[in-house]
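Residue numbering begins at 1 within each chain, and the chains themselves are lettered A, B and C in the order written.
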Amino acid sequence: MCLALPGRVVELFGTDPLERTARVSFGGVSRKISLAFTPEAELGDFVLVHVGVAIAILDEEEAQSSLAAFAELEALEAGDGDVSS
Amino acid sequence: MTLPSCPLPLPDSLDEDALVTLAHGGGGRLMRRLIEDVFAAEFDNQWMREGHDGAILEALPGRPVLTTDSFVVSPLFFPGGDIGELAVCGTVNDLAMCGATPRYLTTGFVIEEGFSIADLRRVVRSMARAAASAGVQIVTGDTKVVERGKADGLFINTAGLGFVRDGEETRPSRVEVGDAILVSGDVGRHGVAVLAAREGLGLETDLLSDCAPVAGAARALIDAGIEVHCMRDLTRGGLATALVELATSVDLCLSIDETKVPVIGAVRGAAELLGLDPLYVANEGRFVAIVRGADAERCLEVLASEAQAASRDALTPFAPALIGEVRQAPAGRVLATTTTGAERLLGMLSGEQLPRIC
Amino acid sequence: MSLEHVDEYRDRKAIGALVHAIEREATKPWTLMEVCGGQTHSIVRYGLDQLLPDTIELVHGPGCPVCVTPIGMIDRALELAARPEVIFCTFGDMLRVPGSSEDLYHVKARGGDVRIVYSPLDAVELAATEPAREVVFFAIGFETTAPANAMAVAMAEKRGLGNFSILASHVLVPPAIEALLSAPDNRVQGFLAAGHVCAVMGSAEYEPLARRYRVPIVITGFEPLELLSGILACVRQLEAGEAKVDNAYARFVRSAGNPHAIAMLRRVFEVAPQTWRGLGEIPASGLILRSAFARFDATKRFSSDIGVVPEDPECQSGDILRGRLKPAACTAFGTRCTPENPLGAPMVSNEGACAAYFRYRGLTPTT
């Protein structure tokens, strides 16, 4: 279940929590998305969108840290386990 | 004594607020007026002026190639095109895919009563423009009007006649093991543009449909001396469906690297959001070329310069790509290498791709 | 051409590196289950199960809300959709799921006003703009979707709409995992928990399961790199004899989940027993509308004679959903059961295991 896609918040609308929405951009298409569950989301944030609702805000630090871990593993494999750099 | 005025006055000409009625399909004066005012005004040539039951054409060199298609797209007007442009390009492209030079088109209209005459004029003007740009003439046609609810606004059928020189026919039987598979540009723009234009999904985008004639590019390949074995234009069902149909016809394996298939950001975004596979999303201005292996690079060059010329007016330029090759086995299958390096089968969809949430 | 925060997780070299790491670190055979149908789809579509070493067996779980919606509920939906006063709104996934004799596509072809929506909130908008019609929304899903479905009801209430109702069929993940783990013939040794369910609910409710049944539960995402890293984390725990809840999807999952979404879910829905198509009834595994929202319940608004409906006896989806049977091993797979003529839901749902195998592998293995 649960097809969800990260998109960037490019415009914010509304102040009432239940009605707070954003225009979220996904690579060149955008859609109005409800931010009722992510009221702290700000312009430029990435939110995880499922059925027109943002269910989580991307934690950029965690994202960077897992990508860094993948890169490290890749380097390790490429060096056949050699300890380098 | 004042004469009673007729309750059904005939207008002198069709004004812009007029609607098509069942009377316009009746074969009488109203129909004549519709044909003259809307159709003949735009499709002006010797055959239309002759107004005969059939168009008696010039015999041109080469073998005749015939094709037909019906167009029921909804909405009728979408970003980057309309049903009229589609109706001309779709049929012109099918002829070009056979290696033929498209020459003549017929067109049949089934119009729902209540359809706006202004919209009808818009559609017909699009057809005239598309025909002029493709170098074809619309030489004969037919019009029917049906009751409300029976035609979703407007249905159009076009049949096309072209001529192919000996040795230049492109057809599945010419495909061989070792041939290269190329696509003329990025995929999925038409499907996403139409989806975005339909209310209900809430997608916003500047993306335009890729609806365009590909006859010029197809011709350019043949004229450049490239050994083109087969071409197939991509329409409903997208790149994957075209490849599956080809693989079945040729009974060979079409093997592609799906990471090499170009897909622009807007199509990727819409596809990922709605759970659609871009390889199955509709196109109306792209084609697949299967050429002799050694001609792959040259084919790419020609397609690239054609794309550059055609991209001048498009929001985002497009570029062709070499995406795969023809193999012996597994026969009749299309295999796609995924980003992980593993292969997946590309099969036929059972119906249309629907947006999903799971 | 690239999608940020998506494409980085589809990098070929990094994928290769993770596969090698799993090969190196898995010294014994391990059987893992990915719970979520979306994860199954991704695994089969990207061929991850083909890349993994033979030591790792991936068993596909019941996390497909389309697949587990009771057949009687589908029949209820068909009945409602056929009513002339009803606009029946549904996610696209449900359109071809077979009920006792037909599906929503057939009802639409006969004139039923069936409309695909991307968001439940769109169905609420429709109700506001069509006051003379009854708008019914087919509210299915796991915990990921339930808060949005709840919000739709809350919005309808706020706007005073008298013509909006939902046909609700929600299922919860932890009770399903418990039902699988407590089965005497359970072979699953480690779980990849559903990342998006956990983005909503958090990880706390998996702790007692990990402890009681001594199985590692790794919260995992959906992209190839994320799935592989979830598998690696699970393998590492198994090799070390550990059984903890581990969050391998921390970019979107916090241990407390999303409190706003949880609050909305709890405001509108309460937990109840639920029948899972193919699996039978699992206690405390479903959600129903609270009595305060009874007027938004389509089952109360529209009367019906439909009760419990038996499954097609040929369909072995129960065993498929429990991970006991691989789709290709089902005797009806590809013959009496195809996407055009499905016997059960896993063959028609986009994330059903049977559909995934049929679509990406064909009837026989390609390599």
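The working rule: a residue touches a chain if its C-beta (ideal position, glycine included) is under 8 Å from a C-beta of that chain, and two chains touch if they have at least 3 such contacts.
Quick caveat, the model's predicted, so the values are computed rather than measured.
Between the interfaces B-C and A-B, more contacting C-beta pairs are found at B-C.
With centres computed as the average of Cα coordinates, no chain lies farther from chain C than B.
Separation between the centroids of chain A and chain C, computed from CA atoms only, is 22 Å. Inter-chain centre distance (chain A to chain B, centres taken as mean C-alpha positions): 37 Å. Across the assembly, chain C contributes residues 2-3, 6, 11, 16, 37-38, 64-65, 91, 118-119, 122, 141, 145, 351 that each touch 2 or more other chains. With touch defined as above, residues shared between interfaces to two or more other chains in chain A number as follows: 1-3, 5, 26-27, 50-52. Of all residues in chain B, those touching 2 or more other chains are 202, 264-265, 268-269, 272-273, 275, 356-358, listed in ascending order.
Chain A meets chain B in the complex at residues 1-3, 5, 7, 23, 25-32, 49-52. Across the interface of their complex, chain C is touched by residues 200-202, 259, 262-265, 268-269, 272-275, 330, 333, 335, 338-345, 347, 350-351, 354-358 of chain B. On the side of chain B, the complex with chain A involves touching residues 192, 196, 202-207, 264-270, 272-273, 275, 356-358. On chain C, the positions that touch chain B within their shared complex are 1-3, 6, 10-12, 15-16, 37-38, 44-48, 50-51, 64-66, 91-93, 95-96, 105, 115-119, 122, 141, 145, 224, 338-340, 349-351, 358-362, 366-367.
Across the complex, chain C is touched by residues 1-6, 8, 18, 26-27, 34, 36-39, 46, 48, 50-53, 55-56, 58-59, 62-63, 66-67, 69-71, 73-74, 76-78 of chain A.
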